[in-house]
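Following: one structure in structure tokens, then a few remarks.
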Amino acid sequence: MRIGKVIGTVVSTVKDPKIIGNVIRIVELIDPYGKSSNEYEVAADTVGANKDDYVLLCKSSSARMTKLTFDKPIDDAIVAIVDIIELEGKELYNKSEIS
Amino acid sequence: MRIGKVIGTVVSTVKDPKIIGNVIRIVELIDPYGKSSNEYEVAADTVGANKDDYVLLCKSSSARMTKLTFDKPIDDAIVAIVDIIELEGKELYNKSEIS
Amino acid sequence: MRIGKVIGTVVSTVKDPKIIGNVIRIVELIDPYGKSSNEYEVAADTVGANKDDYVLLCKSSSARMTKLTFDKPIDDAIVAIVDIIELEGKELYNKSEIS
Amino acid sequence: MRIGKVIGTVVSTVKDPKIIGNVIRIVELIDPYGKSSNEYEVAADTVGANKDDYVLLCKSSSARMTKLTFDKPIDDAIVAIVDIIELEGKELYNKSEIS
Amino acid sequence: MRIGKVIGTVVSTVKDPKIIGNVIRIVELIDPYGKSSNEYEVAADTVGANKDDYVLLCKSSSARMTKLTFDKPIDDAIVAIVDIIELEGKELYNKSEIS
């Protein structure tokens, strides 16, 4: 998986019928230290992530292993909201301290 | 998924029989801010996208989860036409204002 | 898919029994404008492509969706020979004009 | 597979129900000579790896072929702890000499 | 597939039970001209490749289509030993002339 930060949303009217109802989020990939990458993924949200949340992105066929993405033309899914990133023994990110 | 802009078409006579009838489009990947990447994907169109449309591209096995690509040697599909890109609370792209 | 140009062949005697009989081609990836990338893929040919042909490459599990690659340890297949590349309304490549 | 070094952990409360119980580790990719890449993967641990262990990472659908990841939205798994890396006839890394 | 050169081996004691018995090789990716890439893959050998052999690497789900990798958490497999690389009409590599 990759860590990303939710920064936006994509809205589509004309789309594959299977993805009607899926919330499609724009996520900027970040490294574990919180550094931006200027790389972006567009992913189906399956956990109700909000703007600025750090999330885990799951790709390719594994992205279809959730209830909301099963059997759909979706190759990237938000499968968790990150609470804590611990690195080299230090807590680098804690969602509860930010919000 | 990735966001791209439809810029062209590929025509083939000699091809795998399963992909006869599929429209094959050339799509330039763009970032959510609309910036060109000079990276290109060749994708089967499943939603009737036109030149200059912003679209969502779905890759690998997930690209085969549409009616028009099922079970075919296709690893990239256009699965939605983008209407609105909203980023950091601002509407950066709105198809209806462009056309 | 990606566009590439057939530039060579790989011959192997010791190989997985499933891929005996598959023609394995070396393909240089090109962008839609015909520009070389110095990136190369090694792909099973399923359509009888010749040297210098522009072809479409299909990857990962989708590469196994042809008769000649089904169920085989092949992750990249040539699935079409490109006749025409049309970009921004102009015909940038036409195989019939070259050969 | 890729070789990586375990450097941290991600904790999530809100997540896909299927991944409850999976330990999610942050792994820095390294080359076989032990050189850091500044590239990071977030992977489900299936073998009980500890901080600073060198591990093998397995991606995409293959990441779901373990008991702890089967059928789950997980696209990267730690599937082995590296004991020895032998390169060009020399033993470049030996876990027993380090711990 | 990609062409690589076998340069080493990874030994692991603690690992997923399914991959016990698999020989895990370190392979440096090379371009078809034999140029090193400084990119490395760690792959299960299915054909008995030796040090310095040029091999074909097969990735993702296709890496599981051999007898020795079927259903296992392996995302990269050596599926052939390269005998000859022919490029632009010239034989650039011939294993029998080297050994």
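Points worth noting:
A, B, C, D and E are the chain letters, set down in written order, and residue numbers restart from 1 in every chain.
The definition used in the following text is that a contact is a pair of C-beta atoms (placed from the backbone, for glycine too) under 8 Å apart; a residue touches a chain by one contact, two chains touch by 3 or more.
None of the values given here were measured: they were computed from a predicted structure.
Shared contact partners of chain A and chain D, listed by label: none present.
Its C-alpha atoms superposed on chain D, chain C is turned by 145 degrees; the angle is given in steps of 5.
For this pair, chain B with chain E, the centres built from the Cα atoms lie 33 Å apart. Note: centroid distance chain C to chain E, computed from Cα atoms, is 21 Å. In chain C, 60-61, 63-64 are the positions where the chain touches two or more neighbouring chains simultaneously. Tracing the ring of inter-chain contacts outward from chain D, first into chain E, gives the chain sequence D, E, C, B, A.
The touching residues of chain A, when paired with chain B in their complex, are 7-16, 18-19, 24, 26, 38, 40-43, 51, 60-61, 63-64, 71-76. Of all residues in chain E, those touching chain C in their complex are 1-3, 31-32, 46-48, 56, 58-66, 69, 77, 79-89, 92.
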